[in-house]
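After this come two complexes, each holding subunit A, first together with subunit B and then together with subunit C.
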Partner chain A sequence: MSRILGIELRRSAAAGAVLMLLLAGVILLYVAPQRWSPGWMSVVMIQREYLVLLWPLALAVGAWQSRREHRSNVAELFASTARPRAQRMMPTLGALAIAVTCAYLATVAAVVPWIIGTARYLPATAFVIAAVGALAMIAAAWLGLAFGRLLPHVVTAPALAVAGIGLLMVIPVAVRHREWLALIFSPMFGMGQYTDYQTVYGRVSAAQAIWLAALAGAGAVLLASGSWRTRVAALLPAILGASLAIMVIPRDDKFVATPVDPVAQEQVCAEGSPQVCVSRVHSGLLPEAAPVARQALALLAKLPDPPTTVHEDTTTYYPATSPPRQAEVVLMRITVDEHGHLADKAHILHEMVTTLGANTDGCRGTSSSVPVMRAAGYWLLGREPATDDPEEPPEVNAEAVKLWQGLRSLPEKEVAARVSTVRRAAMACEDLGGLLTGRAQ
Partner chain B sequence: MRWLALYLRSRRVPIALAAAAGSTTVMWSLWSIFSNEREVGAPMVILTVLLLVAAITATLAGPDDALERTAALSWPPRRAAHLLAALAVVAGLLLATLVTGARFGPAWLVIRDAAGLLGLTALGAVTIGATRSWFLPLGWTLASIVFPLSGVKSSEILTWQSQIPGNKTAAVTAALLGVGGLIAYAVAGPARRAPAEAAL
Partner chain C sequence: MMRTVSAAETAPTTHPWAVHAEGLRVRAGRHLAVDGLGLALGAGVHGLLGPNGAGKTTLIRALATVVKPAGGRLRLLGEPVDGRADLRRVRRGLGYLPQQFGFYPRFTVREFVEYMAWLKEMPKPLVPGAVQRAIDRVGLASKANARMKTLSGGMLRRAGIAQAIVNDPEVLLLDEPTVGLDPEQRLDFRKLLRDVGHDSCVLVSTHLVEDVVAACSDVVMINEGRLVYQGTPDDLIAQGGAGDAGDSPAERGYSALLHRHRAEAAR
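Showing the complex of A and B:
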């Protein structure tokens, strides 16, 4: 059996399929490396999203392979042999399954050298997500084999690929608000990352795996069957798998629409003081982030009772959550560039200091607060206030510059006290208007 | 006329035409049933062009090309005419829908993509054989539908199939592919195949 499998691997479309899928997958990944450079979870999830192309191609590969018998005119000859059809199909099924799995996993492996230096967080979930992706490829290839045998025409394979991509594009629209349904039936749905902390929960992966295994089973039965009665029986595993998956999948928004991994958000701290922490998913960037964070703390140290710690800002918009407001903690927003390194360090420092290290997430800022905050922040930076927002009315920055000039004429201690008042007011979500002006005390 | 009838039969043109017409009907019905809009979405139009071109792929080689080549006929004009007729069929089928309730348009997009994809398919038929010639058009077009890029010239060339109809770069790319495919196929003809694959 293994000898036949070996021959089948060499003589079937397997090798060509590996090459083609690998090429397509690697091109897709490297066209936009910033989508997966934050870490291993991003890699496996984005790779799952690219199933939108790889899945239809796997269908086409199966259908193409299945035409071989028809092309070689040996159907009658094979039908006259004693070997049962199901047994004869096993090596083909095996060869294609091996091929598409290898291609899928090799694509993931192709990005390893790119981010191995910066990516640290590798939970077991990442392996599960990749395994479900490989299972989706196997299901597609086997289904393609089955359809290719039922309709042995040269146009079957491309038509099947077009139908496959159409299906993947239509499912999210067709299910309307029942996103959990799309999550079962489309292996690429919901895999685009809103945040670097996103994940796929185990029960969701389990439901997907059940459905895909059932689909692969249906394809195998359809391929091995010789009569219409057994072909209809191939519907049975598909229906069973679909109902089981629907029972297993959680429908709560926490699992479906906004799956965030709390372990990825946990803070991991650098050695030395002052304390600097980033989320676990970004822990590989700690050596790059720590100097920037300490520089910001040094600038903020001009204030009376200054903040002492830097944490990563783990704010997510879906779900809308934010770290707690603490006076001694400055939040740092971390973005990863396409090489997996910390993006735009100067901007991070600027952002931390001009917000005075205050977490104002969820506050409704009033228009009078903006110039005050800016003047205070730029006083800490030791520069004249400026804006990089071209849409902002010029009066805002002019007002900030006026306040800043007023601060420069005051004694340093007095200014530090006023800026500290602004910081406390900002953290309490109060109106900041007028806090920097007034007579020196 | 007798020659033409025999030629069309040897290239399995009737079944290819039936497949093309069938695909158009299916896509047309899908849009008519599931959408209230008259103008068909661009991805759907491009996918339909791709399907029709794939259906025509099968006619690019006969059952025995080696034998065909020995005939005392001038093949290049005939092969060129075959490709041009294929373009007319693809464009004709889709442009006919412009008068119906689901319009597969705009016309320029259909013609550009049909010409470019047919040229690409013909290039494939010359190099890797007619039965495999749909590989590259399929993979390329699906990728460009899912991830359309615009702005930079190189990315417009990479995703020429899904550019807006007025895009010059895409038009030039399609024209180059179309003309290149036409010339290569007319001059060289389909690639010779191993005897085992002779029957489609």
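Showing the complex of A and C:
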């Protein structure tokens, strides 16, 4: 059997399939590296999303391979041999399973050099997600083998590929609001990352694995069966798998498709002081983030009672989670560039200082607050207020400049006190209008 | 060279005939191509002769267990071959080269013969040696590692024979194996047939009466699904006279038998 498996690996569509799937997978990943550069979880999830193309390709590979028996006219010869059909199919099933699994995992390996220097957080879930992806590929290849056998025609493989893409596209629409159904039956659904902290629930992966294993089993039975009666029996594993998966998948959770991993959000701190921490998923970026954060703290230190710590802003909107508000903690938004490094350090510094280190998320800003905040922030930066928003009415920045000029004519200590007042009011979500003007206290 | 011999190999054969058909009826599509054939074949090389449409291929396909008989009795290697029987044991002892030999074009000769040995459920340790021996016997050793799709017509035929004999079959069925072989290869092939026929039952269908006379110990002639004649090549020659059609004594014997059978059938 092992020797025959070796022959099949060399001579079947397996070798070509590895090349094609690997090439397609790597091209898809490198078309948009910023989608997966934040870390390992991003890589395995985005690759699952690219199953939209890889899964139908695996279907086509199976169908193509299955045509060999028909095309080479071996039925007559093989019908006289002792080995039952089911056993005869084993090396083919094995060779294709090995091929698509290798191609899928090798695609992951192709991004390792790109992010090995910055990606740190590698939870067991990442392996589970990749394993379910490989299982999806096996199921597709085996199902393709079965279809290719039932319809041994040259157009079966391309038609199956198109139908596969169509199916993956239609599933999320067809299930309407029952997202959990799409999560079971579409191996790519819910894999697009809204945040770098997104994960996949273990029970979701379990349900997906059950369904995909059942689908692979149905494909194998369909391929191995010699009569219509056993072909109908192939429905049995499919029905069983679907029912079991529906029982396992969590349904009451509103965010079943976009869950957040709290461990990925945990703050990991840099050595030295002042304290600078980023989320675990971005911990590889601490050496890049810490100097920026400390520079911001140094600028904010002009204020009386200044903030002393920087944490990453791990706010997510869907589901809504946000870090606690603390006066001494400045939040820092971290975005990762396509090379896996901290994106736009200057902007991060600018944002931390011009918000005065105040977390105003969730506050209803008033129009009078904007110039005040900007004037105060630019005073800390030591520059004239400016905006890069072309749609902002010019009066807003003109007002900020006027306020800023007013501040420059006051003694430094007085300004620091006023800016500190603005910061406290901002943290309390109060209206900031008029806080910078008035008589010197 | 020494090898372990299994109990099955040394067990005495309990069946008097390797192939035994009585009143055998086999359909080819709707047509009853073999209709009430009686045949008993033991070890030796049996040449199967008959005009086109006589039922030669259908008979061989039934003996290869590819089509189920529609009626009558058929025993291969002492075991009944009918709708319900488990054919696995019988099939392990079969070698078959169909008229249209199908193969996987990307496999090498060695790989394809090995694959067939696996399909024939040969004991694993025997396979590599048996594959090499089969390839050597058909004279393809120098092409053993060539892809099947690169072989010429004659080489493909020989590769087909190699896969048929790889398991040292007790019943070897060859449907027009000499098509595509050049005269020298035909001579080699006849020698191979005599070799294999020494202790196996070989049934070779052919249109070439000369091949039968040269290589076969026994002649089986059928027409319209029935046995016309079974006897030695010398006896076949004796059937013909100077007035019968044909360029050789054997051909004249063939024509005479066929003519007589048709005349009887017409009555």
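Rule of thumb we're sticking to: the second predicted complex is superposed on the first by the 436 of 441 C-alpha atoms of A that agree within 3 Å, B and C clash if a C-alpha of one lies under 4 Å from a C-alpha of the other, contacts with A are read in each partner's own complex, and residues count from 1 in each chain.
Assume a residue touches a chain if its C-beta (ideal position, glycine included) is under 8 Å from a C-beta of that chain, and two chains touch if they have at least 3 such contacts.
Just so you know, these numbers come straight off a predicted model, no measurement behind them.
**Q** Quick check for you: in the superposed arrangement, does A:I7 touch first (subunit B), second (subunit C), both or neither?
**A** In the superposition, A:I7 contacts subunit C only.
**Q** Mind working out whether A:M20 is in touch with subunit B, subunit C, both or neither, as first, second, both or neither?
**A** Only subunit B is touched by A:M20; subunit C is not.
**Q** Applying the document's definition of touch, where does A:R88 land relative to subunit B and subunit C: first, second, both, or neither?
**A** The answer is second: A:R88 touches subunit C but not subunit B.
**Q** Can A:V31 be said to touch subunit B (first), subunit C (second), both, or neither?
**A** Touch status of A:V31: first partner only.
**Q** Applying the document's definition of touch, where does A:L77 land relative to subunit B and subunit C: first, second, both, or neither?
**A** second
**Q** Mind working out whether A:M169 is in touch with subunit B, subunit C, both or neither, as first, second, both or neither?
**A** first
**Q** After lining up the shared chain so the two structures overlap, which partner does A:V155 touch, if you call subunit B first and subunit C second: first, second, both or neither?
**A** first
**Q** Once chain A of both complexes is superposed, is A:V52 in touch with subunit B (first), subunit C (second), both, or neither?
**A** first
**Q** Identify the residues of subunit A that lie in both the subunit B contact region and the subunit C contact region.
**A** Dual-contact residues (subunit A): 72-73.
**Q** Across the complex, what residues on subunit B touch subunit A?
**A** Subunit B reaches subunit A through residues 15-16, 19, 23, 43, 47, 50-51, 54-55, 57-58, 131, 134-135, 138-139, 142-143, 145-147, 196-197, 199-200.
**Q** How about subunit A: which of its residues touch subunit B in the complex?
**A** Residue positions touching the partner: 20, 24, 27-28, 31, 52-53, 56-57, 60, 71-73, 153-155, 157-159, 161-162, 165-166, 169.
**Q** Under the touch definition given earlier, write down the residues of subunit C that touch subunit A in their complex.
**A** It comes out as residues 61, 64-66, 87-89, 91-92, 94, 96, 98, 100-107, 111, 114-116, 118-121, 127, 163.
**Q** Touching residues of subunit A toward subunit C in the complex: what are they?
**A** 1, 3-4, 7, 10-12, 68, 72-84, 88
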